[in-house]
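In what comes next, subunit A is part of two complexes: it sits with subunit B in the first one and with subunit C in the second one.
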Partner chain A sequence: MLTSNYLLLLLLIPFVSALLIPVLGTRVVNAVSMAIAGLYFLVVLMGWNSWNLSFSADWYEPLGLKYSLYLDSYSYLLILLSSFLTILCLLYSWKVVEAKQKAYHSLFHLLQATVVACLLSEDLVFFYVFWEAMLIPMYFIIGVWGGPRRLYATMKFFLFTFSGSILMLIGLICLYVFFYQQTGVWTASFEVLREHFQSHPLPFYIEQLIFMSFVVSFAIKVPLFPFHTWLPDAHVEAPTAGSVILAGVLLKMGTYGLMRFAIPMFPAAAASFATPLSVLSVVGIILGAVVAWRQSDIKKLIAYSSVSHLGFVTLGIFALTETSWNGAFLQMINHGITTGALFLLIGFIYDQKHSRDIERFGGLAKQLPRFSLIFIIMSLSSVGLPGTNGFIGEFMILLGSFQSEVVSKLWVVLASTGVILSAIYTLHLVQKLCFGKPAEDNSFMKDIGWKEYLLYTPLVVLVFVIGLYPKWIIAPIHETTSAIFNLMPNGMR
Partner chain B sequence: MMATLISDLQLSVSIWAWPLVALAVVIAQIVFQNSRLSFLISILGLGANLIYSLWCFDLAPVQALFFGAVIFDSLTQFLNVLALFIALGCLFISSPGMFSQDNFFRVHYEQYSEFLVCLILSGFGAVVAFSANDLTCFFLGVETLAIGTYCLCGFFRTEIRSSESALKYLFIGGFSTVVLLYGIAFIYGSTGFTRFDEISRVIAAGDKPLVLMAVLFTMAGLAFKLALVPFHIYTPDVYEGAPTAVTAYLATMVKLAAVGISLRIFWSCFGAVSEVWIPFWTSLCVASIIFGNIAALQQKSLKKLLAFSSVSHAGFLGLGLLLADPSRGIGFALFSYLAIYSGMSLGVFAIVALLEDRSKVFMLEDLKGLGLAKPLYGIALAILVLGLAGIPPLAGFMIKFWIFQQLVEQSYFAVAILAALGSIVGVAYYLKILMYLFMSGDSDWGLATRWSVLRDQIFSVRSLILAAVLLSLIGGLKPDFYAHWILTTFALK
Partner chain C sequence: MDASLKILSGVAVILPLLGSCIWFWAKNKIGEKITGLAATGTLVISFICCLTLFWQIESSARVEFFSWIWMGSSELVNFSFLLDPLSLALGLIVTGVGSLIHLYATGYMHGDEGFGRFFSYLNLFIFAMLMLIWSDSMPGIFMGWEGVGLCSYLLISFWFSDEANATAGKKAFIVNRVGDFGFLVAMFCIFKAFGTLSIPEVLAIVNSGNLDIVQVGWTQWACLGLVLGAAGKSAQIPLYVWLPDAMAGPTPVSALIHAATMVTAGVYLCCRLQPLFFLNPGVMELIAYIGGLTALFAASIAIFQNDIKKVLAYSTISQLGYMFLAVGLAAPVAAYFHLMTHAFFKALLFLGAGSVIHGLHHEQDMRKMGGLRKQMPITFWTMTIGVLAIAGTPPFAGFFSKDEILHIVSGSHRGLLSNIAFVTAFMTAFYMGRLWIMTFFGKSRGHREAHESPWSMTAVLCVLAALSAFGGLLNWPELWGGNAWLEHYLGQVVTQMDVGHGADALEDSLKLAGFSSLMGLGALGLAWWKYRDYQTQDFRSPAFNLFKNKYYIDEFYDAVIVRNLKRSGEFLWKVVDQGILDGTLNGLAYQAKKTSERFRRLQNGLLQGYALWIWLGVLILMISAWSVR
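Right, the complex of A and B next:
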């Protein structure tokens, strides 16, 4: 049985390695960094099934701020996903990223550390601190190793997310101060605040305002329409590994924040905003899909497809049923796997051809058969073909949303058209890329080798393992979902 | 009579030790004609004073000294300690310029003792100003501070920018002094007293029609010193032209003095009519945060950018002042902001001083590639700049957090939101600095080589930078060490 020190270990390993890597010799950086990432993944795996651990230490005692950590299956699965994707990213970057390797690896570990800290935190201020701190490594990863318009993209990324979160800070401080004014105790502990404001509700409009301050911040990160405009820029300019982490982990922080903090804190306010927010999700689903269809830059296409897919996730969240939440959370994981894999695959051909223009490819199925096979599997998973992981997630979201009491069925029906649209743009991409006549000579391109096998095999395996036998992952998800729903007032369930 | 005078002198050693150090420097210069010796004497003298002040830090009840002219309470002692830190920091910053082999500085090397004397004496002025309990004493302090800074700004007398800076500061400073004096005249005219405690008694007792005029003029005079919008117009030119050590001095010591005296004037004298000045003062502060940041965004010169950034920080200091109502026993946000902001600013200016080439304006572009050529300095500057921007988990975030928290606690919701929006703009230009540091490609960084030959080995500045970086890091992760000191000093909760 693991003790609470395990959480400390989870938190400290990436921090320490981020500090350790810069002092290593240049030659061993890659190996050591990957070894640490692998080790970390094993450490995370060890914690399977031992959630509900907690840890607490004083940060600033007079104002009741604590470094308090709590692990449930939500945060556990996302930490697992993040540590898994980090290994793949570092493996991918091996021999691809040659410039400033120490800083690169150090920043990835730092990013991992801040993400884990954010996922583990139970204290709202502590959460906020790492929610913001997460931006710094990503800012540098995009800005230093990114494409030609990286400065614009990274600035936009930072400012968008920062603007949202500073409003959340005000909302969060309001909660923190109101609690003090009502009880005379300073604390930012989520559980304590939640319990208190459930039994002593604030005036409803204040609840709504604070809820919205949280939602705006999370929605920008997700990103929910109309806050999505930073995402295509950031994705296009980010280095491949940066895109993978951005899509696979950072976007999930937004939906995680909604599920873990914003909605459990103010279920009533959430229900009152369910319709507008789910409409925005549906708009995101359809708009993202249509825009993705018209893209010629492959990375931009996948970025817009992320907007569309995460629209499903937010729809599931705002539908406020247990099934849709389970589906939404599963879809978060799926999206991390599938989109992460797609970005890695695009990165693989981009590194050879230095182009992402969809028109300049074609007929890759003949030249790169193994690549094309994996690409097609991942695309089908992204479409949500039965048998793949994407199907389970989308199905559960739609099923759950259809039973919802707060979201009209009309919106769910409209959302389901997103599934068709996603088939259109994804198959369009597959067709342009893998089939037909090549637009120009691609004969110099090499098919995937052992390193890429190592990269893609686990992802392909996961697609089918989740697609064919989802129970192993849905069971732990459901545990936390039902725990959260049990605490909500009766009208919500 | 004599006995009280002697005991007063004993108590206030840490105040009158300042001019004593200056005197020692003057004598040493006359006898030995050695600038290095003078520097050593100033450092040792101020250092000894600092140690003595910390050693004798006395939390006994308020003591009015010298027949009520000076008040030696915990505020005086606290600000005195900070002032000593700042003066030492500015001396350290000035040292590389003075001791380098650079021709430009050698010309001014002969007069370095004058620089030291001016700096120490104007620091003495600051201490007198914020420890004053009497309008005359207060005005003498303000003038001593101001005259010293005029001389310091024009210290590089052969250089046109330095002279411009001094002249502009002299004119505008002189004008602000007149306005302040006019306000003082109104105070005296309407109450008939010069002692703060008596003034406050009279104001509290009854309706004084002239009090509004007194408040407005005094406020305008103090806003000039603190450089709040719209009284900030002199800052860009003055800050840019002045020697960098002096710029640091203006951004820290003058603001410290202004905050100290405003605290006394507003809360001790005008505490009873707080509803009169609070709306004016709040609008000045909010305007400073917003316009200071917007103006900083437009700057291409690094020192002008820092000048406008100091305007926006002055706005936060002003908000801290607003919250420091002594009757409620809260001033924690203000004092921690003052301490941490000063420390981080000194660090930034120390780096600027190391890099600076006095023969031309220091543009932001000159920072290009510094992070790659000199990673340690790049990282140090990045940490300090992110700290000033208020990005967690650095100390700069904690101080903003406390300001926001107390704003919410005292129900200044709109102010909190406007200040938060203003600080989003602020982040943009701080990020611009990081962009030049790390993301502008490997340009030929001529300055880097020149500087690494000339001034890399200066221990005093490097230790100052290190201290500032540590303050920024530890102050965010474990704020107890300074917070505890502030809390016990002011007997806060």
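Right, the complex of A and C next:
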């Protein structure tokens, strides 16, 4: 069994490597950085099945702030996903990103560090600090290595998420102060606050206000309609690896926050807002899909498809059933795998052609058959074809939501039309890219080689392993889900 | 016993899947010949497994493999098979006809660049189809359901360099997805009603009869969803539009997927869940009318088509309509019987058409054919059997199955439906006669030399012709001294409407059979009269434009649905996203900038100004301090 020091290890490795990389020689940066990422992934893997570890040390005693860490299967799986995607990103960037390599690698490790810190936090102030800190490395990754409109995109990205965070800060301070007023003790420990406010409820409208302050902040990150407009810009301008982490990990922080903090803290408030929030999710599903269809920039198309997919996730969350939560969490992982893979694939052809205009491709199935095969597999996973991971997540979300007490069946049925719409935009993309005649000469483009095989094989394997035998991943997810639902008041279960 | 069932059914399913993974890559290494034969071989093994299962299993058996969807607290779905008459009979058809078509395809696809890819997809299709018919749970069926849809998509757009083929494949997938949406919702409703998605469990609950009104209410929605799903997959109104376009795929695909097997999945589903439909007579009625209308509607289009495959495609839709009609009238055995004979004769007709197309170097327009009976004798004679079978001429297979449906319709006392059924039978014989005569008789209107196809293709045609000729023996009616084997076999799992016994019934049925076969021959004669020396154009009058243009349904869908969806996409993107949402934000940002500029003007570096502001501030503070006190 691992001890709580393991959590420190999880936290410190990426921080230390982020500091270490800038002092390395230029030639070894790539190798060392990738080695560390690989090592870190192994360290994370070691922790499989040993969740529910905790660690606590004082930070600033007079205000009751602590470095208090807690690892459950939710945070574990997201850390695993993040460390996995980080390896792929660094591998992808090898020989692709040539400018300012040290800073690039350092920032990726820093991003990993802040994400892990955020996921491990049990203390809300600690969580908040790293929630904000996550923005910084991403800001620079887009701002330095991004596309031509990167300044606009970074500004938008920063302002959106930052203004959400401010709201969360207000909510957090309220909780903190209310607790002090009622007990005379300062603490920001989530568990202590949750238990206290469960047994000594605040006035309901205050609960609702605080809940909404958290939800808005998380919803911007997800992004939930109508807070999603930063995402397409950020994705389009971000370098490929940045897009992968943004879609694969950072968006999940929002849904994680909802599942781990906002809803367990105020389940009754969550139930009272279930309808409007699930309606927003459904609007997101449909809007994301229909708008994705009309895009000519491939990355923008995938960005809008993310809005649609994350709409499914939030629908599952706000439906407040165990099945839909398991599905929602699984779908978060799936989206990381599938959309991550799609961004990597698009990056692969962008680097050769320097265009993302859908009309300038075509017939790639003939020229790049291996690329096309993998691209089609990932598209099908994104469409949610049974046998792939996407189906399991979507199906559990919809099935669970349909049994929900708080969300109307009508919304679930409307959300299910997402399966038609996703087929429309995804097959549109496949056709424009892989089928037909090439719009112009693409004969200089090369098919994937061993490096790309290394990148895509694990992702393809995951698509099918989760799609055909999801038990290994649903079982751990369910542990945390049932723990959370067990703590909710009876009417909620 | 149990282990052997597990191995047999497992092998039958896994082998094509493995094959599909191998042929994709292997063709370049092992060559065309071995790839083709090996792919056919896997199917033959599958077929033998099915046959053994068929002999071994008396009534039904369940075979469990491993857990699939696990909901956290409980198991939702296992990978497990329900092997009973319904699934075994269809399994035999799928692997049997599948093997034949594989063999045929080794000849048809000879020299094609994507030879390996083709067999890979074809094997994958067999895998998915077996999953569809053997799975014992709704999600398991759904997996096969979407899997065959995927293969159909891949095979329709097989020659993807042509944009039209890719578009046709996409259309098939998306229209099918509309049906799948219905299937999904049906699953949610069933789960809501019964708390399980396992078909034997659901049926056990339904058959026990202890249902409350709420549960029945949910089953109604479930059945409606299933009808939508079945209409999608089996190309019924309103979702039939994908099937004619699906003819863009290679002809063996049209024969296997779009005539013999996949499109019958909807019929299978309705038979499988028959007790659920019995709870909702209104939905049954709906199915019957959808089927009847589709049969008539598609037949009326088929008469005016000039592409040989399009005629067959509309004919398939029309025959599927017959099957739905039977299902809706609580006659699943009749539907199944027609499904089987249709699998034989329609596969035969498609493959015969394929042979013609192959012989004419990919010419599909019947106006450029003619006089081929001398150049392609085997194709001609086998096609003749197919045409006679579908036209309902005794003693060929189609006569018995169609006659049974006609018998049931006329016994159901639904005047409209029985009129439709008879008119459609007449039209069927007519357009098939037209196809037959335009292709094989008269003078050659083409410019190129035709040749007979290789043995791998003609041999298959002969086998299918034999099946089409004698398939009627499967269910020789008891009234006529037969043993109605299929009826007894399927009767273990489904309930068939009774059509009566005794001398009266015999007389009725003989009259009906005589009438319908005379009608079929009459229609063939009419076709002979009209087309025996066909030159260039048939229906010249503009009055026929409606039929020629397929009632403008595609145009209607395009204008009403596709275009509006596109428009709403543009609207949501340009107006909602970029206009309202981003506009508001940009407005806010602009206001913030303006405000900050106003404040900047305060910091103008003039000491007097600062002093003024300081004094004002102090004053305000003092006043407020005083007022608070």
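To be clear about the criterion, the second predicted complex is superposed on the first by the 493 of 493 C-alpha atoms of A that agree within 3 Å, B and C clash if a C-alpha of one lies under 4 Å from a C-alpha of the other, contacts with A are read in each partner's own complex, and residues count from 1 in each chain.
FYI, a contact is a pair of C-beta atoms (placed from the backbone, for glycine too) under 8 Å apart; a residue touches a chain by one contact, two chains touch by 3 or more.
Note that this is a predicted model, so its numbers are computed, not measured.
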item: Fit or clash - subunit C, subunit B, common subunit A; value: clash
item: First (subunit B), second (subunit C), both or neither touched by A:Glu322; value: second
item: Which partner reaches more residues of subunit A (counting touched residues only), subunit B or subunit C; value: C
item: Subunit B versus subunit C as contact partner of A:Val290, first or second or both or neither; value: second
item: Touching partner for A:Ile392 - first (subunit B), second (subunit C), both, neither; value: second
item: Partner chain(s) touched by A:His309 [first = subunit B, second = subunit C, both, neither]; value: neither
item: Contacts of A:Leu427 with subunit B and subunit C, given as first, second, both or neither; value: second
item: First, second, both or neither for A:Arg150, with subunit B first and subunit C second; value: first
item: First (subunit B), second (subunit C), both or neither touched by A:Thr481; value: second
item: Intersection of the subunit A residues that touch subunit B with those that touch subunit C; value: 159
item: Residues on subunit A engaged by subunit B in the complex (per definition of touch); value: 59-63, 100, 103, 125, 128-130, 132-133, 135-136, 139-140, 143-144, 150-151, 154-155, 158-159, 162-163, 166-167, 169-170, 173-174, 176-177, 180-181
item: Touching residues (chain side subunit B, partner subunit A) in the complex; value: 372, 375, 386, 391-393, 397-398, 401, 404-405, 408-409, 413, 416-417, 420-421, 423-424, 427-428, 431-432, 434-435, 438-439, 476-480, 483, 487, 493
item: Contact set on subunit A toward subunit C in their complex; value: 156, 159, 226, 229, 287, 290-291, 293-295, 322-323, 326, 363, 365-366, 380, 385-387, 391-392, 395-396, 398-399, 402-403, 409, 412-413, 416-417, 419-420, 423-424, 427-428, 431, 434-437, 468-471, 474-475, 477-478, 481-482
item: Subunit C residues touching subunit A - in the complex, by the definition given at the top; value: 66-73, 139, 142-143, 145-147, 150, 153, 157, 160-163, 165-167, 170, 173-174, 177-178, 180-181, 184-185, 187-189, 191-192, 565-566, 568-570, 572-573, 576-578, 581-582, 585, 589
